[in-house]
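Next come two complexes built around chain A: one with chain B, the other with chain C.
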Partner chain A sequence: MAATTPAGTPTGSPAGSPAGLKARTADASAHARRRRMWGTVAFHGSAGLISLLWLVPIAVVLVTATRSFDDIAAHGLGSMPHSFTLGGFRQAWTDGGQQQALINSLVVTIPTVLLSLLLASMAAFALSRYDVPLRRALLLLMLSGNLLPPQILLIPVSKLSEKLGIYDSLYALIGVQIGFGVGFYVFVLHGFMRAIPPEIQQAAVIDGAGPWQIYTRIILPLARPALAALTALSFTWIFNDLLWAITVLRTGSKMPITASLLGLQGQYVSQWNVIAAGSVIAAAPTVIVFLRFQRHFVAGLNLGAVK
Partner chain B sequence: MAVLTATDRDRAAGAAPGPVRGRRGRATRVPPVVLAFVLVPLLVEGFWVFWPALQGFWLSLTKWDGISPPQYVGLANYREMVHDSVFHTALLDTVLWLALFGGLSAILGLGAALLLQQERRGVGVYRAALFLPVVFSLTATALVWQAMYQPDGLVDKTMSALGLGGLTHPWLADQDTALYAVIVPALWRQIGYVMVLYLAGLKGIDPALYEAAKVDGATRWQQFRHITLPQLSSVNAVVLSVIIIDSLRSFDVVWALTRGGPYHSSELLSTYMYSTAFQSLRLGYGSALAVVIFVLAFGVIASYLVRAFKEAD
Partner chain C sequence: MNTSPTSRRRFLAGAGALGAVGAASLMSGCVASGSGGGSTAQSKGGTVSLQSNLSSPQAKKAMEDLVAAFDKRGGAKASLNTVASETFRTQLPTYLTSANPPDLLTWYPGSVANAYSDKNLLLDVDDIWTKPELSGYSDALKKLCTDDKGRKVFVPASYYWWGVFYKKSNFAKWDVQEPKTWDEFLALCRKLKTKGVAPIGLGAGADTAWVASAWFDYFDIRINGAQYHRDLLAGKHSFTDPQVHKVFDTWSEALPYFDPNGTALSFQDATTALLNNRTGMMLIGTFFADAAPKDQLGDLDFFRFPVIDPAMPLVEEGPTDGYFASAHTHHQAEVKELMRYLATAEAQEIYLKGSSGTSIPTNPTAKDSGTPLVKKGRAMIESAADVTQFFNRDSSDALQPTADTALTKFLAKPKEITSILSNWQRDAQKIWSQ
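Our next item is the complex of A and B:
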């Protein structure tokens, strides 16, 4: 967007003596250069300051997690570190039950993401590429399910899972997460799939392809950017969920990692190194996914906006 | 968008996307497998969402402890709210939350996007820094900030160092500051998200519009007012709905930091609903509180949805 290159600035009319023109051009470009330099300084100054401010809490938690309890007790939470140890991580990981919690989280998150996106892409494909009766109403309905405040569902869902005999099991968590999330993914994928030109599909129809082939061979591959973006998003959301977990689960050892942080908070009151280490462990997987998928994430968002 | 002739349309009707309307109406046949593609996800959602939601409305008319069968009491739960001072606090706090958390995250998110929209060297690092908290869970965010807010934590230390020692505070334990102290971490996490939405929107604006405005001598403010803002209207609508939904859903960060306390001073409807239902085991009253949250969300969401769907295709 920085289109203020010296060449782009209007540097006088073609008329006038060559020497005068040259001088004026040089003057104008020097002026533009100076302005640009100040602009750059102001930009990096403000953006850098904001970014630093934003990263302070992350730095604090990383530092706190590697301090020893005695150090924190002696010098206070806000002081510079006087020690370095991974003992906090060890305590959170084994005594605090974070290892089991992380396994629980992955056992819930991975199947939920895969199943949700499979179901959602099927529905989005049908609704966007076929003249399904009431297609707009159905799309609206599915989306509206996701827009509901979860609070209205908490009590009935916990009772429903009790009736099904899956209360306090990870199946209940997987089930409700799929059901609740799928509407939103359908909506996003529908918008994306509608933008795929009809000619591509018509060519496949003429070649004798059925709906299943069109879905798996044409639409899904073309929707990959949107699927990648949704994978990153939904992984983060599901992994970070607290409310559904504490609604359908009760036993501490079954809690996924986000919910287990509350347990850690209660178990290690004011042992900030352990709590900080627990937070780092809980945040690490989504940070990894974000860094790994960042390109897809941005590309997916932009593709959706441009098409 | 694609201009098809009538014959093309008939030939392609079997698989043509989009609303193939016209004289034939719904003459096209949809293959059964395609119907199944819609029905299976719909049933899953119906089982876990729509059916429970209906039950939720029904339960709001009952008195229920979760063990003996629910007892129909009509609108008694709603009448109780009128005199429930905790409910009043929670409602007020929720409105405050919506205004402060929602308003500030929209304004600051747009500001961050405007600042970081330029493709300069290093801008990716700044964007990543602002976006990074978005991937943390609200619970982890809460714990991070809980440490910051401790009496010997960084917030008070910094204030003392800046000569504001008189203002240091047990931020989360003081009834007057607890709610605001909880909003800050929520904002810290939300602004990057809103920024990303706006960045995508800003990228979609045709640069030719700005070129034309510059030729016409428009100032920066005029460009922002008459090009950027109108061009962002669809993103604004998305952001607005995201903010309202997120505000009314906000639970994790409050629950992890204060559980709604001290003395309900940071109580939101969502936290009050949860503690009423699952700690006091008043499932009927809890359901009624959930219905209130639903009603607050519904008005805004429904009107937005209807408009969005009229404009879309």
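Our next item is the complex of A and C:
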């Protein structure tokens, strides 16, 4: 739409340009205006086109989710829809076990986010505000842990959780997720907390505040934008994780939503409408969280970029 | 509709399963720590866990009904655990080697089961094969479920068949008949081409490149026989043999009639192409019927893969599915009870009723779904001189990708067959020598 409305105007304007003596300056400014307008048209046109391209897959999933399987089988996945039904959602929710899986996902994700941010903020507070010995080495260790590809740790994690007797329990998944997340969160929060002026802390010390009070009443409130951004980020990561879930879990009824989405695929034949409906269900919570924390999320992208 | 009683039953079953699994894992945790991880397979009371890869909603439901029926009859109890089929495939070795394995698992008999049995990972179930539930099974199945050392390690539950499927209405419209021999088949292809359709649909694109292996299997067993085929897949012959070249020479005769999109479409899309009359026929397993709309199933029919060498006995592909038990199970007696139940006609009929019903029960007294298609398929397999499984089931999942690479290349560049086969042999050698 943005592309078509302004596109009509430039064709009209050259005809209206005056041919008089003092027309030179007016002509130059009209010329500049026209160029600016063309720039705007091109920008909106291409941006609109790109966003359309981005939205097409989502639209296809939404349309597929509301088609019946017989329609897809008879006309193909790429055809125009010939049916409308919400049966795919029902099938994914009850027969596909997405209800239980969504509960599992939330049971894992919410405590993990809260616990790992609590631990990470404490660690970041100590490392950034106090002269902890070896703090540089500790930070580098945490960072280097993030550089390891998780795939090489699959077997050790699976065997370790078996030895600890927590294999195939949601605690194992929570533990693994916290363990792998904390390093990165500490790194981000450390960068943010270091930027808080030391005078604020000194003033608090003069007023008689101990480290715990400084942490809870000064630093945590000040770090709220960073924490909000990390909440949105970590929620998305943990909620969307599939790898660790299928590594430490075995029982189908304990699997999170990502694994159950995989389970909707049959051995041979895939019911695309049910899978599409399942993906919509699986995407909903992260979309909600993202919309809720959107402001912080964008603000948080440059966290630690400027010291 | 009957949603509310179903969901209540499912809820109860689910709740029961949750509790039982929790208890079982606690108990076996104690056992493992007590015995120091020793592999003493002892019998203890408790719930048998059945790990299933039948994850599509319909098949999953059928398995739940089956387990519920087993629990209702008293005696041992079972809990079903359904895992996505792709996850199951990659995790299966982990399941079998873990200290606290699932007791019973769905999988394939033959060379795949044999590979695990060689590593002593499977429970020896010789004794239950003499029981009434299994003693009536055909000799072919008995042989299939026996490993190299003569132990029975598998209980089959169902099988399906491969055939060249077509639409009856289309064949009537084009005024053509089912071919019996290779020459008749080629004549049919020529005729279909004049009607403006691609005679042969394939569906070896996207993630289903393995579908092309069916053509290789059938050419090989029709030209060289089942024994040569099995030996070839086991590494006793070379893919560069003149016999294998003969397979591809024959295949080349039909190549002009293949759908040019054959290696671009997945078999599910190829099914749609067949139903929309863009292709004439398709060599595929009966599972493809799940991808067809219900109202079109009656219009589908199939014929046996044409005879190429009349001297060769008629062998068909009939991949069998069933169960094997982990050697480390802590519930030996209960597992065997469940395996015996799964072999009964009653159990197999319950599963067939709930699933899409295109497979055939292995118990000779069990009733199939009774559609003309299934009756025809059952008659074809039962009259077959020998039954092969499928490329990956007769060899290993590791060998399948080498076939996919070779066959995809052959379909694109049939002239380069010599180099394709020597590459195939080189890739396969790496897997055999592992």
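In this text, the second predicted complex is superposed on the first by the 270 of 307 C-alpha atoms of A that agree within 3 Å, B and C clash if a C-alpha of one lies under 4 Å from a C-alpha of the other, contacts with A are read in each partner's own complex, and residues count from 1 in each chain.
One rule holds in what follows: contacts are C-beta pairs under 8 Å (C-beta built on N, C-alpha and C of every residue); 3 or more make two chains touch, one makes a residue touch a chain.
It should be emphasised that the depicted structure is a prediction, and the values quoted were computed from it without experimental measurement.
Trainee: Which partner does A:L170 reach: the first (chain B), the second (chain C), both, or neither?
Mentor: In the superposed model, A:L170 contacts neither chain B nor chain C.
Trainee: Counting only touches as set out at the top, which of chain B and chain C does A:G263 meet: first, second, both, neither?
Mentor: second
Trainee: Touching A:L102, do we find chain B (first), chain C (second), both, or neither?
Mentor: neither
Trainee: First (chain B), second (chain C), both or neither: which does A:F43 touch?
Mentor: A:F43 contacts chain B only, not chain C.
Trainee: Touch check for A:L138: first (chain B), second (chain C), both, or neither?
Mentor: Once the two structures are laid over each other on A, A:L138 reaches chain B alone.
Trainee: Answer with first, second, both or neither: which of chain B and chain C does A:V188 touch in the superposed model?
Mentor: Neither chain B nor chain C is touched by A:V188.
Trainee: With the two complexes superposed on chain A, say which partner A:V248 touches: chain B (first), chain C (second), both, or neither.
Mentor: A:V248 sits against neither chain B nor chain C.
Trainee: Determine, under the contact definition given at the top, whether A:A223 touches first (chain B), second (chain C), both, or neither.
Mentor: After superposition on chain A, A:A223 lies in contact with neither partner.
Trainee: On chain A, which partner's contacts cover more residues, chain B's or chain C's?
Mentor: After superposition, B is the partner touching more of chain A.
Trainee: Applying the touch criterion given at the start, work out whether A:I238 contacts chain B, chain C, both or neither, answering first, second, both or neither.
Mentor: neither
Trainee: Would you please give the residues of chain A that touch chain B in one complex and also touch chain C in the other complex?
Mentor: The overlap between the chain B and chain C interfaces on chain A comprises residues 76-77, 158, 246, 259, 262, 265.
Trainee: Where on chain A does chain B make contact in their complex?
Mentor: 1-3, 40, 43-44, 46-48, 50-52, 54-58, 60-61, 64, 76-79, 119-120, 122-123, 125-133, 135-136, 138, 140-160, 175-176, 178-180, 182-183, 186, 194, 196-199, 201-202, 204-205, 210-212, 214-215, 236, 239-243, 246-247, 258-259, 261-262, 265, 272, 275-276, 278-279, 282-283, 286-287, 289-290, 294, 298, 301-302, 304-306
Trainee: Going by the contact rule set out above, which residues of chain A touch chain C in the complex?
Mentor: 69-71, 73-77, 91-92, 94-97, 100, 158, 162, 165, 167-169, 246, 250-253, 255, 259, 262-271, 274
Trainee: For chain C, which residues count as touching chain A in their complex?
Mentor: 3, 7, 10, 14, 17-18, 21, 25, 29, 33, 51, 53-61, 80-87, 91, 94-95, 98-100, 102, 267-269, 271-273, 275-276, 285, 287-288, 290-296
Trainee: Can you list the residues on chain B that touch chain A in the complex?
Mentor: 2, 12-20, 26, 28, 30-31, 33-35, 37-38, 40-42, 44-45, 47-53, 55-57, 59, 66, 112, 115-120, 122-123, 125-126, 128-140, 143-148, 150, 152-158, 188, 192, 196-197, 200-201, 203-204, 207, 211, 241, 245, 248-249, 251-252, 255-256, 269-270, 273-274, 277-278, 283, 286-287, 289-291, 293-294, 297, 301, 305, 309, 313
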